[in-house]
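Given below, in the form of structure tokens, are the structures.
Below are two complexes that have chain A in common, paired first with chain B and then with chain C.
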Partner chain A sequence: MSGPFCHRARWALLAGLLLSACTVEKAPQTAATPDASFAPLKTPLGQVAGMRRLTEAQYRNSIADIFGPDIKVAGRFEPIVRPVHELIATGASASTISPAGLEQFDAMARNIAAQVFAPDRRAQFMPCAPRDAAAPDADCAARTLMPIGRYLFRRPMTQEEIGAFVMMAGKGAGDGQGFYDGMQLAMAAMLVSPQFLYIIESAEPDPAAPGSLRLDNHARAARLSYLLWNTTPNEALLRAADEGKLTDPAQLAAIAQKMVRSPRLEDGVRAFFADMLLFEKFDEMAKDQIVYPRFNPDVASALSEQMLRMIVDQLVTRQGDYRDLFTTRRTFINRALGPLYQAKVSSMQGWVPYEFGEGDDRAGLLGQAGFLALYSHSGRSSPTLRGRAIRELLLCQPVPNPPGNVNFTAVQDVGNKAMPTARIRLNAHNSDPVCAACHKITDPLGLPLERFDGIGAFRRTENAAPIDTAGVFEGTAFQGNVGLGQALAASKSTTECVAGRAFQYATGRMPEDEEATAMALEQGFAADGYRIQALFLRVATMADAYRVSTPPLAKPQVAMMTSPHIREGDRP
Partner chain B sequence: MQNHRKLILLLGALPLTTSVLAQGDAPPKPTAPAALPAPPANGEMGFVVSHFAPAIYQGKEDCPQGLAATLRENYLQTQPVGERTRLLEKANEKELTARWTGYAFGPDNINICTHPDKFDRPPQRMVQGKVAQGLNLDDDEGGAAAGDTCGHANFTGPAGEPGVDNQMWRAMGCVRTWRGVDGTGGDIVKGLTQFLVSGEHSQVLLLSGVDSLENDPDVTVIYANSEDRAVVDSRQNFIPGASYSVTANGAHRNVLKGRIVNGVLTTEPAHIRLKQNWGQGSERDIRGRRNEYDFTRARLRFTFQPDGSIKGIVGGYQPIWNVMASASVGGEGAATTAGYDCAAMYAALKAMADGDRDPATGQCRRISSGMEAWAVPAFITDRLPQPKVAQR
Partner chain C sequence: MSFTLDRRTALRGMVNGMAVAVGLPLLDIFLDGNGTAMAATGAPMPIRFGTWFWGLGVNPPRWFPSAAGKDYELKVELASIEALKHKVNILGDFTLPLDGKPNLPHISGGIGIRTGMAIDSDRGLPGPSFDVSIGDVIGTRTRFRSIELSATGDPRNSLSGRGNGNLNPAEVSPAALYTRLFGAGFHDPNSATFTPDPAVMARRSVLSGVSEQRQALEARLGAADRQRLDQYFTSLRQLENQLDVQLTKPAPMQACVVPPKVPDLPVNAEIENVMRNHEIMTDLLVMAMACDNVRLFNMNFNNGASSLTRVGSTITHHQLTHEEVLDNRLGYQPEVTFYVDKCMEAWTYFIKAMDAVKEGDRTLLDNSLVFAHSETEFAKFHTIDNIPMMTAGSAGGRIHTGQYITGDGSPVSRVGLTLQQAMGVPVDRWGTGSLETNKIIPGLIV
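Coming up: the complex of A and B.
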């Protein structure tokens, strides 16, 4: 029993306990007491201050946590569009779902519901048995759907919602179908409801600032959970929201404190950095097999995981300084990556820790093959792409796009023996002052990485010519990746950037006064020794993050909920 | 010959090509090439074998009467000239097919490839040339029987080295699927290499005590299998620098004593056993059984290459059945689809066998063999053989 619902027999046994033996952190929504799970929402829904679409990982994690990891989620997720120079998390705040995307969600929902109510599994999720499996049973349907809805919607369902879904279960059980068919239909409807597919940030009047709004308790629960653990709120968090604890700063801080100390913070940190570093680009990364025959699918699939393991190890496991992420020699390696790093891998399966040697130019995040390969062309390295990625992703300094009429002939002519290295080719390219303006911003950060080719493999020469890895950043000259990492680690821009990104990631919006917020957060980050847990805690508990500054949205109209066809008899 | 050279150069850019030597081609130099890598600081060098197949030399005088005949051709030769002519008419193709495929079966419906020893057929055409790849396995440059060997003619190596023992090539070198044509090895070369690529029976080498790649009188070589799948690129070439571990099966971990002279590593004679996984079986009850490379008095000769790889020959005496294991396992299909006259093949191998002489009958049961082997640098983790413990 790994999902949130214990077996029916256990349910009865544990009904009186607040936290049961099957309540574990990894499977958080277990053993809800009947009074919590079976009660409709006591207060009216708050005003909708924002809606953020669940990411694919959040959807999958939510289903796994609510129903168990054995429930398969099969389907294609319509991507959330990333706004330029922002996060997917901010894009999620303005993400719609196309009809084709909804069809996919519908197919996934029906499949999930079929698995949940399959004969060998349904007892885990049902506190009752229908009087007649061949006929509707409104009472049992309500008792089953209410706790499920509470987890899926991240708040108790309203009486209206309960009535609508019970009605749907009843109608689905008719016409020769049975009770469980109706339950599948109702649950599938829940899974395609905007209440599930979107994290709805509902607001209430802020007593501390009359006339203003703040996120209400359940919205805060979802905020905390998706920010810190990248999944749906667990039972403890929902209960805290039910009890109004999350609008109390002290209690909010205590709960957030516990959450950042949990091993599940790893999931949150992974999701944050995958967003910040544009990991969705790994899905579309392609390398020219003639130029890089060794870049096989095993290598491609290992690159992003290596970076995440390295990040988690430094920031979560070791609770290290964020700045050291750019200089650490520790990483992880697997057998597929061994040849790329020319490193002996002691274990033939899985990942093992690996430490680059002193004097090796491999170190830090920028020395990982994943970063180097991602920000390269398919058949050659690119100091410009790498420099731009460092500026935009790690320093939050947007670089303008090149004009449309640029002549790239010089930089693309990689076989030209007269211009054997990228530095020489870029110098030729930059004889055009229009080009030079931007390349001055990017190339001094990308050229130090030129001893790594387009897939991140080390090389001493290009076209038999030695590679010059000199670079400059904020007035400091350095050599190679190691020097670049040290320069980034020493820069306030680096730490301000990640602090600002964390705020955007948490709230789904750019702060009103971006610079001031980032600076304030950075100061706190510095005071905390640049520990990521402390930064996440700070973002999760700062009052500004819960303040609603924009006018509330109109209440979403879900046709089913306003249908005049909901009969009194369908209500539980 | 220029054309041949061009073809070989072209093929060198393709995956799974062979290093087939054709007459007139420059043989591998026995002396050390220039600019060898520096010896490793810890004296250890690992390799994974990327190519392991019969060493092929396409001499012009090898098969003056043509390639070894197919079963169909041999059947036709059993017929009077008039009947042969009639059968070869287009209208009689169906009858001919029925008759020559029937020639693949003997009493009790046994087939010629699974039980070649039960058929009395003359040996297939064999190599008549004087040059072949291989090693001097009996330390004798003549061909007289000595010790447990049988009398045989020696080849001269492509570089002129005398005393090359490779009776396997003499018996099999006119078989089309071994010999190949025009500088390209036969199907067996591609097939055996593919087994390495697919990880059926990875082979690794771990050299220790290497102080110089030019000359070192004392090097230990572990030649073993690995259970780890090959790490290959998109062209199916082995990627240098991958990691492998030595098999836990001590029977397939051969510890050899070697020396390096002028950039060439040779090992002292030893019994080398290596796993060989392949085959779909046959009615001789070897379906699914794991075969084995089994070389007695075996030795390695590898030349260090400037790119860090090694190339050379693994030589030894192997049971004659092992040489034709592929055809034997193929059974009826090998005879009627591939067209092998396995009885003729068996007869040739038996006649050419030159090792492990049975004192009672005087018949040799093993045959001297030269396998061409290449290996690319790899990280090898050695594993001492695990003691055998009763499981039940």
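Coming up: the complex of A and C.
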């Protein structure tokens, strides 16, 4: 029970549990507290109020937390489809798993289970040794699988589940295979079970509102953990759920408060902004090598990380005002980004803090090359794409699609000497009033960023012509990115948007009255000085988020399902 | 022994990207006299179905034949299919009525053709795509229910799925596709020996253990989540099926030869990479069908709002369709047409690769039905009537080929209905709203 184990225990929930000499972030196990990890679930499972598929990051974080970061998760994740103008988090609430997707999850599951029960590792995850490694051992299998299942399913397993997985381990250990082969199979089965791949939010009758439902304790534990830390509930949270603390508003608030103050909030904040700002688009981003010879894979992979570092620094580390994110001069760069920012970073340094000079047009999130490059074409900048992204992602104001039958004869031609800049080309295009209607919404927010080219590098001219960076937003005229950042920071739409998104992210659903929810949250957000911790705490504890809108199911009619002969493939 | 080597050598040429007709010797031990059934079991040769999608349409006057009927005239943009013209049908003049719903550019067209529904807003597939319904008939006994591919990257580039916005993600990397098809779990159907793997047997029984937990979970669900869970268990059933297939001695397949490994290659939308990745993925897919590991596929050459690019070009294929000037002298947009030609070149590669695999007197293409379509007619104006479509192969003699068939303004859902019927789906009415139809295309079905 020496140092290295304690160090591991911070990450690997299971190893920490079994080597309980370490107490980092864990409730101590004493004789007085019956050991929850070896007990089946006492109450029957409630009605399901929501099923949210784990994202790739949540899957990876959960495995790393439960089994340790040295367990490799190798495989491709079926993408969760983002509903237009919504979050992946709301898409996850409607997501299914296709045959190809499950095939991948199955391969990953077997691979993870093989690592966990590998001879050099399994001792950390097992409270017992089998009587005979060549034969099934139901008792040792149960004692090993119960804590694993509790972490993977985010609640104690039911007696039936324990029996089923122990039986699988037994079957897998027969026929020339050994005990550990059976354990691998049983654990792999847990990892492909819908109970793991989906965060299943179960409900219970709400004593405060007879006839309606609320999320139960374990669903609340998962909600808090994935929302705030983007990972599976740890021992302390599961224990709080076992003890029924999370349906008590005061205790829920106290626990959420602690979690919001933890450095692990960074993981939650990163995941939230990666979702809100459509970071999956970075995977598809391609730049033309002839137009932008300086753009290479190292630059590409640094772009999103730079934005996240700026966000985390401003909102979590410094606990700053969300509005200042659009004007801050503090960012981070690494060697790959050096040339883009005309700064020298040695390869030894990794990521280093970097401060733009006063009046530098780079300040704020929108001056970062990641945003500028993502919303550009492969070979040139695009004020329209940038303006649209600002409207839709940061202000939550969807921009209509171009009409299907529009005639783009007033075209953009980069080589045209008579129209050297994007502003001039767009003016020509907008002589058509049909086009002008939408471009009026987007372009005044994108044109101020025109001093940054298609990969976000600074330029003074386009085709040797000076660039006009005048813009206008909500009636205020301004110049350049600095002016744009100030205008966004001053707008209620900006803070309402992020507040509404936080609610959708937490609950996985669009509120019935989107605008009212966002406005109500915004008022609290304002009172909290626009601190992201406070906003996350608010959505993590608001009663509304735990209320279940679906009515209770009638008593389940399972009789028709009980025939053992009916199987999926047999039904019409 | 030397025989095996010869076959491998011959096929390696194909996998390296040359669509050469591979002269495999006819093996009477595998097939009955006329190549329609396997001699060993008397089972009929498998009939495959697949789709081949390309985005942004064509230049209609340069693509559609001038007159309907047999032995149609090949226009310049279809010239590359000449050698296989007699095995290809061209379909034109079908419409996609939207019943007042908006025309979502590059989305309404492809989804309309595949689901028989006009989509309301961009939330993905509103209902099952008809390839999935065909898969329920032909895809349940093979190792893979279906294989989805995208040659331009992006696993979301797929028009196949069971609805509710969900889709079957596409494989984008040739190397990963190789591992999936021919890595661990592949069993050479021509191998003399077969021993069921006890580890696979154990996995099989464990998976049934998971599906037995269905009832307990289902009792706790409302209708919407129950439907999602049904889809999960359908996927699980397919996984069980894969293992069943691995536990059964496969019937010998004459043309099945394990292809050599493919290297890791860049995956992106640059046209030369796309062409190469498409060729490699085509070769692997064709071989997986020759080995009868899969009977259903969806190949997406590019995406609807095509992100294809060329080195040195500042904008994509999609933007070009809007921004390139129509050359009045030529009557088309030359830069855009470069990509149209590339799409048709790739399509030709695809059907030639299928036709190069002999199955008795027939070819793999003859024993298949491939449905190719785009999502717009003419991309510059986003038109969705008269979207270009083709079929290739006769589905083992169930489909007449070599004709230009016009719909005379009837709904495009007739195509989906006809193809489903040809593949044995018990459906006599398909589509919603104005797309609902019970009229098949009589000239297509034998």
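Please note the rule applied: the second predicted complex is superposed on the first by the 505 of 572 C-alpha atoms of A that agree within 3 Å, B and C clash if a C-alpha of one lies under 4 Å from a C-alpha of the other, contacts with A are read in each partner's own complex, and residues count from 1 in each chain.
Keep this in mind: a residue touches a chain if its C-beta (ideal position, glycine included) is under 8 Å from a C-beta of that chain, and two chains touch if they have at least 3 such contacts.
These numbers were taken from a predicted model, which means no experiment stands behind them.
A.B. asks: Output check: A:P119 vs chain B and chain C. Expected answer is one of first, second, both, neither. What do you get?
C.D. replies: neither
A.B. asks: In the superposed arrangement, which partner chain does A:G211 touch: chain B (first), chain C (second), both, or neither?
C.D. replies: Neither partner.
A.B. asks: After lining up the shared chain so the two structures overlap, which partner does A:G350 touch, if you call chain B first and chain C second: first, second, both or neither?
C.D. replies: Neither: A:G350 stays clear of chain B and chain C.
A.B. asks: Is it chain B or chain C that touches the larger share of residues in chain A?
C.D. replies: Between chain B and chain C, the winner on chain A residue contacts is C.
A.B. asks: Between chain B (first) and chain C (second), which, if any, makes contact with A:Q289: first, second, both or neither?
C.D. replies: Both partners, chain B and chain C.
A.B. asks: So in the superposed three-chain picture, is A:A336 touching just chain B, just chain C, both, or none of them (first/second/both/neither)?
C.D. replies: first
A.B. asks: Can you give me the overlap between the chain B contact set and the chain C contact set on chain A?
C.D. replies: 289
A.B. asks: Mind listing the chain A positions that touch chain C in their complex?
C.D. replies: Touching chain C: residues 45-48, 50-51, 76, 78-79, 81, 83-84, 91, 94-103, 106, 110, 158, 160-161, 164-165, 167-168, 171-172, 174-177, 181-182, 185-186, 188-189, 192-195, 197, 200, 202, 283-284, 286, 288-291, 377-380, 401-402, 404-409, 411-414, 454, 550, 553, 556, 558, 561-562, 567-569 of chain A.
A.B. asks: Taking the touch rule as given, give the residues of chain B at its contact with chain A in the complex, in rising order.
C.D. replies: Those in contact with chain A are residues 227-228, 231-235, 237, 239-245, 379, 381.
A.B. asks: Provide the residue numbers of chain C that touch chain A in the complex, in ascending order.
C.D. replies: Against chain A, chain C makes touches at 102-105, 121-124, 140, 144-148, 153-156, 161-162, 164-169, 171, 176, 180, 198-199, 201-203, 205-207, 209-213, 215-222, 225, 228-239, 241-242, 268-270, 307, 309, 311-316, 319, 322-325, 380-384.
A.B. asks: Write out the stretch or stretches of chain A touching chain B in their complex.
C.D. replies: Against chain B, chain A makes touches at 289, 293-296, 298, 335-336, 338-339, 342-346, 348.
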